[in-house]
Every structure is written in structure tokens, then in C-alpha cells.
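One chain, chain A, links the two complexes that follow: it is found with chain B in the first and with chain C in the second.
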Partner chain A sequence: MIRLIPRVENSTAMVLLSPLLALTLTALSAYLIFVFILVDIPVSSVFFTLFVEPLIDSYYFSELLVKAAPLMIIGLGLSIGFRAGIWNIGAEGQYVMGGIAGSAVGLYFYNVEALWLLPLMTVAGILGGMLYAGIAAFLRIRYQVNEILVTLMLTYVAVLFLSAMLQGPLRNPSGFNFPESRIFHDSAMLPIIWEGTRLHIGLIVAIILSLVAWFGIKKHMFGMQIKISGSAPRAAKFAGFDDNKTVWYSLLISGGLAGLAGLFEAAGPAGQLTPGLPQFYGFTAIIVAFLARLHPVGVLFSALLIALSYVGGENVQIEYNLPSSITQIFQGMLLFYFLACDILIKYKVVLFKTKN
Partner chain B sequence: MSNRSLSSVVKLSILSVVLAFTSNVYADPVKAAFVYIGPTGDHGWTFAHDQGAKYVKEMMGDDVIVTTVESVEENSDSERVITSLARKNDIIFTTSFGYMNPTVKVAARYPDVKFEHATGYMRPTDNISTYSARFYEGRHVIGKIAGRMTETNVIGYIASFPIPEVIRGINSAYLAAKSVNPDIEIKIVWVYSWYDPGKEADAANALIAQGADILMQHTDSTAPMTVAEEKGVYAFGQASNMREWGKNAQLTGIIDDWGPYYLERVQAVKDGTWTSTDVFHGVDSGMVKFAPMNNSMPFEVRNEASKAIIDLSMGAIHPFTGPINKQDGSAWLAEGETPPNYPDLLTMDFYVEGIDAKYPN
Partner chain C sequence: MNESLFINIIIGISIASVPLIFAAIGELLVERSGVLNLGVEGMMIVGALLGFVVMSHTQNPYLAVLSAMLGGMVIASIFAFLTQFLLTNQVATGLALTLFGLGFAAFAGRGYTEETIQLITAVPIPYLSDIPYLGPLLFSFNPLVYLAFFMVYLVWWFLFKTKQGLILRAIGDNHDAAHAIGHNVVRYRVMAILFGGAMAGIGGAFLSLVQVPIWGEGMTAGRGWIALGLVVFASWQPFRIIFGAILFGGITILQIHAQGLNINVSAQYLSMLPYLATIVILVSLRMRLKNKTNRTVPNCLGRIFHSTT
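Here is the complex of A and B:
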């Protein structure tokens, strides 16, 4: 029999080193896989394309940041909720609803070129995500419905709603009846912060938000509340924390941020609302949040790492004709090793014999 | 030879060398890239495009370097993939409608690269072509077969997205079936996906449960064909021959043959003769073909279908020939009238009269 026994003291060094250890193990496993599947191609050049080129080629680096920005924003919101033990699994749905709400505003004022348009769209995007996550908060508080199920199921509803909107009111009137919105004009688009690339202001917003969240969790009473609610619910009750408030705040914050990311995607790289808006950012952000150990600044780095796997994985597909599932394999291994390392830091493995 | 004429010979030869370098004739292999919506697999839409890419490679050999990228989502990722390819290729085929705006954006940034977008309509810069096939001609043929072969008089139609191409297919199949069988009824299930074996199989089962004994699909997986084979009903292959999945079920199949078009376009890049075009070819040019007809079909039915194929290839018939009314009873085409490509065919967003289903909105 194998049993996991909690360690009395966690090694601080190991806590800090475990992400690196997980990364190394992932790289080693990837190496082994490549050795087996690659014919005629040196593993080192595949590794270069996968892990290094996206960091040194300016175009790929800009794309890596484009890909990371929504993961940062959603991951940040999720990490706050997860700390409180509120499991919002359906950020994808809130992301879609935010994208729809914000885009609808942009399309409603299609003929208006004004400075206030983008801020208004942004507010609509955040509200769209918030209200959608609010449904789960309401159901949980009023009827004790599990928020995991509600948020997850509502994701499917959101995707169908997007499709309905693009078949109907938001469809491009001169678009041959294809389910796509019009293309936003300039004042409805996010400002580009790196000339000649698609890198938009969302990255800066993500960084500012993560710093705000960091200080918020450290200094603000609410930070304390979600921390304790998540790790010691009974203690939170004794301390007089309002349970319902934790649920509301966790879901509204994570939903609002997911909605913001959805609008940023539509008004950023996509430049219009299309059925391709949902692209699993909401689900991938769950990995991002856990890789960061739910730390608001750590989320920035784990988002970069996941984005690297996307851009690098795509490049090896183009360059060496490897299957696109390389990216998923890489992400899965990374999360697996990371969680495994964390478990082994917190617990020790004890082997003992059972009497038969 | 005087000095003067010698110098002009030198000048001429320099000029010709310069010309050789600046004109678009490629001495090196042409680099052609293909972007696919799904996995290449062994059947369906992407498979058919990949067959086209392989055909180009086979025919041009060392004169071409072919790169393919599969499973590229129709979202902002596709713009990155197309950009990556534009940095290293001479011509890029983006083989799904959803790549339209990304293709347009990248084409504007890479004026020296040629772009070919399948099933779209935007050509804002002169380095973009669009191409598509008149699949509704294929639907006409299978519609006739279905009208003859059904016993329950119910056709089950598994549809993907309500876009003009899919609507054209439904209307064309229905009209053809109706022309040989006035009692025909068509039931349509929308799966809102191009490729989702689970949903497609569910749709197939649901349609059979509603009395359909013949299935048509505008989706890419072989799941409906497999279900048809199991349940002992008929079906038609989509985009490629699916006989392997339905030896008894498949009556014939509509086959997309992109190879000759791809070869022509890549060769044009090599020859420096490529120009922006808009191609909408059908049975006549061989872009739409048919899988061998099932031997279980009665001779008359096979004969009628073959005749329709020949008539289509000669341009003797048009699947949409008036009088045809729209579903709401309003007139669309007058007696003997056929619709223009634009706007009627390319923006089609209505069912024809007689289809008893709600138009998806």
C-alpha cells in the first residue's frame, strides 16, 4: 500500500523550486517523446522551434504576448475565486458573453467614431461577464446549486447564444449572410502598443490588474476574507465573514475579468465578432491559475509559459509537420508534473505492508 | 562590330539578366502552403483539399515545396498561422470560409505573396483570389437518386451552419428529389459544426427515428455513413468517397476534386502569370465529381443520375430552374429562369417552397 502522509514542515526551497522542477521534467519527457517519434529531424532543432524561437523572433514574441494577455486576465480572476474555494469552471462562457455584450455596443454605434466608444464597450464587456457569472452566484446562494455545474453548463448556452446573435441581430448586413459581424472601425478597436504587430493594450491592462489584485489581497480585508473562506471555511464563519459576499465577489470578479478578456479578443486581434471567438481561453486559464499557485502576479508568468506552448507548438507543426496535439501534450504534462511536485512537497510517500 | 553596337549588346544582356531576376518567373521551386480547418484524416473536406495538395506535389515534383498545416481554428490564431506561412511561401491556400478576414489582413501586409481563399468573397487586394465549387450541382444528382430510392419519402439532412453554401445544397437536393417524387419530405437537423462525429451520429439517429430512410450530410465526419450502414438505410458520401464506411449504405458520393485547380494556380505562380480571380466551378470543370454508384441501385435510377451528371457537365440543365417560389410563397424564379451567382446563389438565405422546416435564425 502507498499512503500520503502530510509533512510537518514544507521545505521553502522546494516550494520555490518546484515550478522549475516541473518545467525540467516536462522538457525531459518531451525530449523522450521526440526521440521516439522523430525521424530525420534532430530533436534539438525541434526544441529550438518549440521553446526558443518564439522568444527571440520579434514577430513570434509579439504573438506570444497577444496570446498570453487574455490568459493573464482570465487566470487572474479565476485565481481570486479559487482562493475562496469558489469553482468557476465556466469562465469560457463569461468570456463569450463579455465579447458579445461589448461587441454589441460597438456594432450599435457602428457609425460613431468617438473616444468614448471603446471605454463603453469595455464596460459592457465586463458587465456581460459579471452578469453571466452572477447567475451562478445567485443560484448557489438562493438554492445551493453547485457553481461548478452551473458555470460549466452556461458555457454551452453562451456559445449557442453567440451563434444565434451572429445569425440574427449582430450579423454583417452586407456579409452574404455568413455568420460574422461587421469589422469594427478604428475607434472600436484596442490601441496597438507595438507598431507592426497585433500586440494591444490588453497586456498592460493585465499587468496593472495583477498588481492591483496582489495589493488588494495583501492589504484589503476582502483579500483576507477569501483566503480564509477558501482554506478554513469554519474559521471564516466564526470570524463573522459573510459567506454570501464571498460567493458574490468571487464570481463577479472572475466573471467580469473573463468578460473583459472576451471583449479584448473581439476588439483586438479578431477585430470583429465571429463564431471563432470561444477558443478555450476560459478553460486554459484554469491551468494558468493553478500553475501560478493562484498567485495574482504568478499568473502573468504562467500565462506566458502556456502561450509559449501554443506559439511554439504551432511553429513545429508548420516547420516539421508534427501533429498539432503537441501543444496539448505539452500543457498536460506541465500541469501533471506541477501538481505532482506540489503534492510531494506537501506530503511524503509512505510504503507499508498490509496484513492479509 | 563597332564599339557602339558591342556596348548595346552588353547593355541588352545586362538588361535581360536584370529582367530575369525581377520578373516573376521562378527558377527555384515554388513554395505553396495549405491551411486546413480539420485533421487531414482519410475522408471529408480537409482530406479532399489535402489530396489536391498531394496532386500538386506529384505533378510538379521538385518544382514545388508543399507545406500543410492542419486543424487551424477559425479564430485569431489563424491570422498568426497565415502570417507565419506568408513569411516563407509564395502562394497560400486558406481552405475554409472562416479564414476570410485573416487572409485579407495578411495579404495586405505581404503584397508579394499570392493568397487563395476557398468559399469566400473578399478580394480587396490584387494578390487574393477566391474559389469555390458548385456543390449544389452534386446535391441535384443525389437529390434525384434519393427521390427514387426512398420508401418512406423522407430524406434526413444533417446540416452544419446556415450559410448560403449549405442552404443552396438543401434547396437543390429538395427540388431534385421533388421533381421525381412529389411526395418527398425533407427533415433537417443543424449540428452547428463542420466536424463533430458525436453530434452527427446523434443527428443521423434522430432523423432515422423520424422516418428518414436516406441521409444526406453537409458535415465532414463518416459518423452518419456508419449509422446508416448499421441501421440499414441509405446515405451519400460527402467531399470524398466514404464507401469504406458504408458498403451497402453509400449510393454515391459528392467528391471535391481540387487537384487540377491547385496545380493550375501553383503553376501560374511559377510561370509568373498568376492574377486575382474568382472561380466558381462545377461538374463541367470536374471540380465536383461523384463516387461510383452502388450496384444495388436499379438500372433506371443509375441511368437517370448519369444523365443528370452529363447534362450538368454540358450546361444543359441548372438545378435552380424556375418556376420556383420561396418557402413563404413569394416568387423567386419565373418560368425557365435561372438565378445569377450574385446575389441569388451567393447570398441564399431562404428555403424554397415545399420545405416544411423552420429556417434557422
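Here is the complex of A and C:
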């Protein structure tokens, strides 16, 4: 028989060990899957392409950082909301809306070359995401409608809205009816921080934001409020914390950051608004937030890990013609194992013989 | 209105709403036992894929539907194991299940995107379907449509007319008390989760075996999430699921017909309707309840149960 005995105190060793265990189990499962599906390719070379090559090749490494930036920014916002027990599952929708809003500003001032353009687009992107998440906050507070369902439904709406915009007002007038916007001018594009790659300033912004959030949560009353609202809602009420404020802040922060990431993607690697803007970052960022245990600085590292699986997944697709959906399977598995291994923190696993 | 158009609309609505009925009635039982499984979308897509794959290999609709149910159960069992034995957070685990299911189905189904299958077609019931008006309206549907309605009845009967149903509801409302008087909380919940998986699987298979004869990545297009909304809309009462699902079916059909009638609105805006309607309906439900708290919510919904004895 196996039995779980609650620990008196959370095990610090397990806090560190359980993610490693989860990683090991994921790698092991990945190995088994490859052994099963690969016929004439050695598993080790696929593993190398998947997990090592993106780290040692400078181009792939820059692409890894390009993909990590939006995951960091969105994951950071989600981690703050999740702490408070506010489940914004539709960051993908807010990301798309931020991308549309910011790009619309950029395209409106298409002929303008000015320093203020990019900041203005950024503000529009943040506001777009904020307003979109704000709908969910309003409905939850006013009508107690579950924010999980609202944010998700609005994600489907946002993707359709993007497509409508690209076939209508934001379409490139001289683009042969392709559903794409015009390509942004230089002053509407994010500065590149690594010459010769697509790596843009978004990465630096992400790191700064995460440090700010870490400091804010530690030192500011609001950090305390969201922590307690999430872990002990009744205590939060007795402490006089305003429930509605927690809902508003959580959704506006996570929505605004998702919107920022959307604008960065459009004004960064894409350089225009295309139907390819939604890349599942909003959903993957949920995994990023959980892998980081909702820690604002941890998000930086878990985003790098998930970005590795993205870039590696693309590489095996190109080199070995394996489907890129394998990335999603790994990410799902990693989250499964991670959640499962966390039981070791709060409980002791005890084996004992049954009497008889 | 033209009579055959009317009947076509009724059939259209039934076909659009049945996947939602299956998925929602399964989830309703799960939530009644106190478990929130957000993996409906993932279980549906796996059901859609397995149903399609088995159909294309065996051409046997019974086998196809059965394997879809089994597929849904297998993937639901991951959720059951994690949440019931390893006590993981149900929201996070359900999300992981959806992400994993979508990835798995896209991966495993990559060889089937070009294929088509023979759809499971309607089977008019002999003699009864010949009755004027009533025949085509009541007795000429796809067998799975009848099954969906029967499952709603079955869940209602189980929950409110059997002893086990009473126990299941008690567990959903207060798992500690139910455990104290000797009921096996985990066993009931695991059973409920597996049933939910089977129903989501069959709902997904309906999409790829009855609605369209093809398989496509992400073909569930959020129906699993709409089903979750339906459970809330139905206030956890089985028969209200039918009402809600027909409402959604109606909106979907309206959208398709509006496109056919060349109404001057972009297709994208019409396609938003089912998603927006979900939100509007959830809001209107709350407006009807005003400030009363919803008493039908299972008290222990989403809470982790761990017994030390």
C-alpha cells in the first residue's frame, strides 16, 4: 500500500527537486515516444536537435530568446492573477487585441517617422489588452460570471476579429487582397538588440517588468492582498481587502501585459499584422506561470525552458519531418508531471505492508 | 415558411446541439460529484479523432463510437489519477488536459487530414417516421441524437432516483461528511470523471462522424468550453442542458443561414455569435437570479479531498 501523509511543513528540498523530477520524467516519456514512432532515425540525434542544438547554435539561441520574450511577459501577468485565484485563461485573446490596437495606431500614422510613434503604439497595445480583459473583470464583479469562460470565449472572438480587420480596414491597400497589413516603417518597429537576429528590446522589457513585479509583490500591500485573496479568501475578507479590487487589478495587469506582448510580436519579429499573430503563446504562458510556481522571476526561467521546446520542435520538424504538434504534447506532459510531482512538497509518500 | 425548410432547420439545430448535450451532461455529473474538469475540450478532440480513425479503418460506426468513448475515458483517467490520487489543482490539471489533448490529437491525426469517411446517417424509424408532420419531426433523426436525449434522462434518473446518485450529490456538497459516514469519495469521483470522459468522447465523435466526414486539427473549435458554460447555464439541472444546447444549436444554424442569405455582414462577425451568446446567456442567467446566490452549485466544486484515515 502507498499512503500520503501530510507534512507539518512544506519540504524545501522537494520545492527544488520536484521540478527536476518532472523534467526527468518528461524527458524519459519523450524518449519512449520517440522510440515508438521513429523507425530509421536514431533517437539520440532527434534529442540533440530538440534540446541541445537551440542552445549551442547562435541563430537558434537568438530565436529561443525571441520566443521567450512574449512568454515571459504574458506568463508574468498570469502568475500575478493566478496567485489571487483569478483564472485569466484567455490571455491569447488579449494578446491578439493588443496586437490589433497597437498595429492600428502604427498603421494610422503610416507616413509619420517619429520617436513618439512606438511608445504610442505600445500604450495602445497595453490598453487594448487591458480593456479586453476588463470585460471579464466587469462581468465577474457585476454579474458573478466565471472569468474562465468569458476570457476563453473572447479569445475565439478576438481571433475572428483579427481576421475581419485584416480583410477590412487594416488590409494592405496594395497587397493583392492578401489578408495582411502593410509592413511597418522603421520608427514603428522595435529596436533590435542583437545585430543580425530578430531579437528585439522586448526581452529587456520582460526582465525589467519581472523584477518590478517581484519587488512590488514583496514590498507592496497589493502583493500581500493578492496572495491572501488566493490562498485564504475568508481571511482576506476579514482583513478588509476589497475583493473587487483584486479582480480588477488581476485581470487588468494580466490583460495589459498580454496586450503588450501582442504588440511586441507585431512590431517585432512580424513587422506587420498578419493572421499568424496568434501563436498559442497565451495558452502556453499558462504552463510557464505554473512551472514558475507563479513566481515573477521564476517566469523568466520557465519561459526559456518552454521556448526551448518551441525552437527544438520547429527544428525537428524541418530536419526530420516530425510534426510540430509534438511540442504541445511535451508541454502538456511537462505540466502534468510538474503538477503531480508537487505532491511531494506537501505530503510524505509512505510505503507500508498491508496486514493480512 | 416552407415546410421542408422548417424540418431542415430542426434537423440542423439538433445536429449542432447534440455534441454539446453529450459533453455537457457528462461534465454535469462530474461537477455534481464536486470535481471541476476543464479538460472537456481536450477529451472531445481525442474522441473526434479516435472515432474518425476507427471509422476510416473499419467502416463500423458502432466500433467508431465505442472507441471514441474509450479514448475519452483513457485521457480522462489521467485527470482522475492526478486530481484524485495526487491531489493536484483541478483548474491547472484540466487546462493541462486540454492542451495535451489538442496536441496529442494533432500529432496522432496528422495522417488523416486528407481522408474522408462515410457519415453516420439518420435512420428513420419504420412506420413512425411515415406519420405526416410528426414523423419527420420526431422519428427521423440520427440514432446518436436519440442517445443524447436518453443520456440526459439517464443522468437525471441516476442523480435523483437512485441511492448512488444521492450519495454522489452528497459527496459533491460535502465530501468530508460523506467520507465520515463511510462513502468512498475517491471511487465515486473517479467513476464520474470517467463517465464525463466517455460523454465528451462521444460528443467529439459526433463532430467527425455525423457533422462533417473529415478530421481537422482543432475541429472542436471551443465546443468543450461552451459545454462547460452550458453546465453553469443549466444550474446543474440535467434537463436544462437540452434547452441550453438547443439555444446554441439555433444560433449556429442562424449564423449558417444568414451567410446563405447574403446578409451584408462579414462571415467573421457571424461566426462570433455562438461565443458571444455564451457570455450573454451567462450574464442573463445572473440577472434573473438577481442577488440570490445560486444554491444549486455543488459546495465542494473544485476542492481537493484528502482523507487521513
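Quick notes on this one:
The definition used in the following text is that the second predicted complex is superposed on the first by the 339 of 356 C-alpha atoms of A that agree within 3 Å, B and C clash if a C-alpha of one lies under 4 Å from a C-alpha of the other, contacts with A are read in each partner's own complex, and residues count from 1 in each chain.
The rule we apply is simple: a contact is a pair of C-beta atoms (placed from the backbone, for glycine too) under 8 Å apart; a residue touches a chain by one contact, two chains touch by 3 or more.
All figures in this text were calculated on a predicted structure; none of them were measured in a lab.
In the superposed pair of complexes, A:Ser163 makes contact with chain B and with chain C alike.
By the touch criterion stated above, A:Leu131 is placed in contact with neither chain B nor chain C. Within the superposed three-chain model, A:Asp342 lies in touch with chain C and out of touch with chain B [touch as defined at top].
In the superposition on chain A, A:Val123 contacts neither chain B nor chain C. In the superposed model, A:Ile183 lies in contact with chain B only, and not with chain C.
When the shared chain is aligned, chain C comes close enough to touch A:Met153, but chain B does not. When the two structures are aligned on the shared chain, A:Leu304 is found in touch with neither chain B nor chain C.
With both complexes superposed, C is the one of chain B and chain C in contact with more chain A residues.
By the document's definition of touching, of the two partners only chain B reaches A:Arg198; chain C does not.
In the overlay built on the shared chain, the residue A:Gln317 is in contact with chain B alone; chain C does not reach it. The interface of chain A with chain B overlaps its interface with chain C at residues 160, 163-164, 167-168, 323. In the complex of the two chains, the chain C residues touching chain A come out as 38, 78, 82, 86-89, 91-93, 95-97, 99-104, 106-107, 110, 217, 221-222, 225-226, 228-229, 232, 266, 268-269, 271-272, 275-276, 278-279, 282-283, 286-287, 306, 308. If you check the complex, the residues on chain A that touch chain C are 4-6, 87, 89, 139, 143-146, 148-150, 152-154, 156-157, 160-161, 163-164, 167-168, 283-284, 286-287, 290, 323, 325-329, 331-333, 335-336, 339-340, 342-343, 346-347.
Partner chain B is touched in their complex by these residues of chain A: 59, 63, 66, 160, 163-164, 167-168, 176-180, 183, 198, 265, 268-272, 274-277, 279, 310-311, 314-315, 317-318, 321, 323-324. Note for the complex: chain B touches chain A at residues 67-71, 73-81, 83-85, 87, 97-98, 101, 105, 121, 161-164, 192, 346-349, 360-361.
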